[in-house]
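Below you'll find the structure, written out as structure tokens, and then a few comments.
Order as written gives the chain letters A, B, C and D; numbering starts at 1 within each chain.
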């Protein structure tokens, strides 16, 4: 393979730039030419494609977000969109593609591969909810950003004897909430993977103040459960009488310079994606499992280790869905009394 | 004066601990004894008062919030509350008090002084809205925290071509919005001290995207104007068609390790308050003006330089109200095109 | 087991406080009493031992260093020292001990266990060089601190077209250098686990400037190789003509608020150590391997999975010495051209 | 004036990019064209000059260092160098220049003005040692970076009961040492503006440990005094017996994202420089004094308020040399006992 391209797709995540840099640098060191595609699949279809040299990525390693930009582009799920994209790839002489993004982006990579353009997916999202990997690019940064916010909020919670409900991102996964909550010493962590009893939540708050063991109380709520505002309203309904405030960390978690871990992971995965393409392999997603890089077929049977299977009537099934570490929920209950 | 006390009052602000530390250390180096009063005037009335030694404040310089805690206590506006507080001061042999807090706290300091307990106020609030000082303790930290958030949000705004409305604290003052907005390269800054035309706001957004000069747009809104959610709703009403998101930095701005500037300012002011008490002077508020410390009578006539005057019917008048720097609003318009 | 104690030993590392907090909180939630021993084995021998309650560790999670302090105490390698320590443990009714520290500290834990006081070791050091664990408590923070420094130095290296030699800690291990170097985009990383040719090093520098591909050059040198000053002198001897500066990050890497990862790891390990003591198990070191906690006998045969064995003449042998990831060295060569 | 240029000169400082951005944006909003000159006066002479548009400076506000780069170029002190530079300015139709840099750079600005190219100087250096301004661009960031390092070192100093000598930059000025030292709670601050007695220094260390008031000791030494290593050696000679370590923060202080204050100051000054050029005024240096911008003639008589005067035999005299705040040295002695 002589010429490859790289794009970022889906929600931005810190470390995406490190992944793109690694793809560019590794490809050049393997004697390949490498192109950047702006704004994900949308840019591919529009031909927003430019050649990179090693200096193109000289200043991106520490930047958050994605300098290639990202865009939603549901049209790429349709054959027509795919064919338009492929036309542009052909026009530019591109033979393989690296896609950095969420698992929605993986399907595009699968289709490109089926059309003869080997494509490899890298897991780029803060939510850590992608199948086939223990960690996603961006997760560690988001957790540390949430932690920094918790440390700040604790200052003011302590100073005023307040209860804070802190909403964190994570889509349907509780990973950010669990990691940031344990690290930040949250008194309670509410995640979508576990039921909660609002009366129990309020009881713990009340009891904490009553025993004078705590003068403040911090509850981390994953957005997959409900919004922080809704949660606080439920607490009030259930009889909470504390001085209760809500903070939604929201989009703050998506930005910022990536942590060392996210940069290393992204660099490692980016280089590995080039190795796979060099061998002509596509339709694969790279992950990290037990401290080593692994790759899985994006589509296929569970026996083949594929991330997704198709049912007879064409529906997508996730073979081995992501699970948050509920032992961490248990751990926090032991530490937060 | 042989024995003084220190308390924090009103909303917490980074640097309050540095101020308390300076009061304690300076008092000890002047041969005085020094006591800490927990939870502001509430703790004074309840007698929640403890002696400090130099080691008591060994680890507080870098901590956000106030380790003495703070509490609202409107009862101290009444004579009855004041007399109870004074009883406790007498019981502990305390002869003078340093109050770190907002200008609400200054009135208590005035009353104590009138009752024979010289009290000095230090301006502790993130909002920078206290009369008699160019800067308050906590303002610089809050601005830098807001700036860090703006830098993060820009990453994701750029990556997705989005418009962000970012709400920042500041009560009725636009200072945090102006400083953080200029430093963060905000495209528009909306402050309570200046009218705005929502159609103009939306026009700038639309024009920015149309000319391709900008692929994203960040608007900082001071809470004194309205909430970020309300502002975004108004923009939509006025015809904004961009991908618009709202982030409320909220209580994040109150916490965190204080910046160098806030620690230096707090240390300097704290030591100065002790100097004033040593001379038996009270009823004063310390400020910084043109890079030097100044002190002003809290209550008196405008001619005396007092911060507040009483009208004939007993109402409080602010003699020289805080003004935000509207030349900074102008500056940002020049730079943000 | 009804009453346990915890101490920190060896060089301080961010996250040690999180580990101590977890031991205290978990022990209390298991109905145990828990004591803190100040200044490591020295404090044990001197009886510097105090009971903790849940609030004792209320503010330590985000603090760097170790609030229990640490001290070198070679006397504990001798039987006499151990017996004195045990006397103090008995006096306080302590039945088991958690030791957070480097592998030197593990030997003390082994001896206590042999004397009937089950002791469990947790790996606390920034160097990541402890056997029996993929990661040590403190490593992730140190890497991120080094990374932040590299990001700063790059600003000035770029601005002036300079070469920087940056010395980082790590004792005989290259882990900090490798992780921080990859994350920081170092042009070259020199670690003790790999030979280097100083002429090659200088050649890369010269070539980088000559091809105009780089206007600056950053070389990370692990302290286990030699000091940054020595390395720079060797470069000059070998003919380097660039504007060369040396920075030694030194003790900066030991301090600072721990990262999320270090806090989670420390919390998890701390709780696990209590679980082991509860079952009466000692002479073990806790580690993380493949994302799960593991425990290994500190002393025993390689077949038993022990970390250390004794030879017939009483020497200590490391059964499965720590290895830095040299594939990361390779990765960096691919990315840094 | 229709076309102006901007360059950075001397040591890099955080906020230089914010100043350049402000010059570019303000000039464009005034209807001027604006050019960037790479690598200071060296680039001017070589004609390394390029036109900017508003987007050229889209991502530089938060970047440390100077994206225009800087270089030493003593040849510009000679007429020949100046004439070459002017030739290049003429070739590009440039009529005025903004120079961001240390006071060495001001002389070049003066010469350009004398040759008919009005040039304005902005004070860009971390050292805060430039005449005509209360604060320089970069100083606040450097102080905060030093402070962060002091906070880290305190963690490890406390954990091990150590003495740290911390060397900070500042050329012949003690400003960074004084501000960072007070903010970081340094036990002693040694600056070039004040004599010190090494026996006194050691006595304070010894006494601190002896009275058990302190278990650690941090001494900040400005580089203008001597190196940290030399200072520590002198302490040992004078009988210090503590566990003494040296850290040189060195070039770390030059990099990093600028603080809010540095960005605001740089933005404000940059816009003001354009206002001056628009009126055809040159030979001036912009400063901030008592919270307002001021401008001073670079060369002239003291009566005119000029920063520098020439003696009859052509020597440069500084009219009103920068002075560090020695009241801060006094303040720290009061707080650090």
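Basically, contacts are C-beta pairs under 8 Å (C-beta built on N, C-alpha and C of every residue); 3 or more make two chains touch, one makes a residue touch a chain.
Just so we're clear, the structure is a prediction, and the values are computed from it rather than from any experiment.
J.: Mind listing the chains that sit against chain B and also against chain D?
T.: Touches both chain B and chain D: nothing.
J.: Which chain has its C-alpha centroid farthest away from the centroid of chain C?
T.: B
J.: Could you state the distance in Å from the CA-based centre of chain C to that of chain D?
T.: Result: the chain centres lie 37 Å from each other.
J.: Taking each chain's centre as its mean C-alpha position, how far apart are chain A and chain C in Å?
T.: 29
J.: On a C-alpha centroid basis, what's the spacing between chain A and chain D, in Å?
T.: 41
J.: Counting only residues that touch at least two other chains, what does the list for chain D look like?
T.: Expected reply: 151, 154.
J.: What are all the touching pairs of chains?
T.: All chain pairs meeting the touch criterion are A-B, A-C, B-D, C-D.
J.: What part of chain B is in contact with chain D in the complex they form?
T.: Within the complex, chain B contacts chain D at residues 18, 21-22, 25-26, 28-29, 54-55, 61-62, 134, 140, 143-144, 146-147, 151, 154, 179-180, 182-185, 213, 257, 259-261, 263-264, 267-268, 271, 290-291, 328, 331, 334-337.
J.: Touching residues of chain A toward chain B in the complex: what are they?
T.: Per the touch definition, chain A meets chain B at residues 8, 11-12, 14, 63-66, 69-71, 145, 149, 151-156, 158-161, 164, 215, 245, 247-248, 250-252, 254-256.
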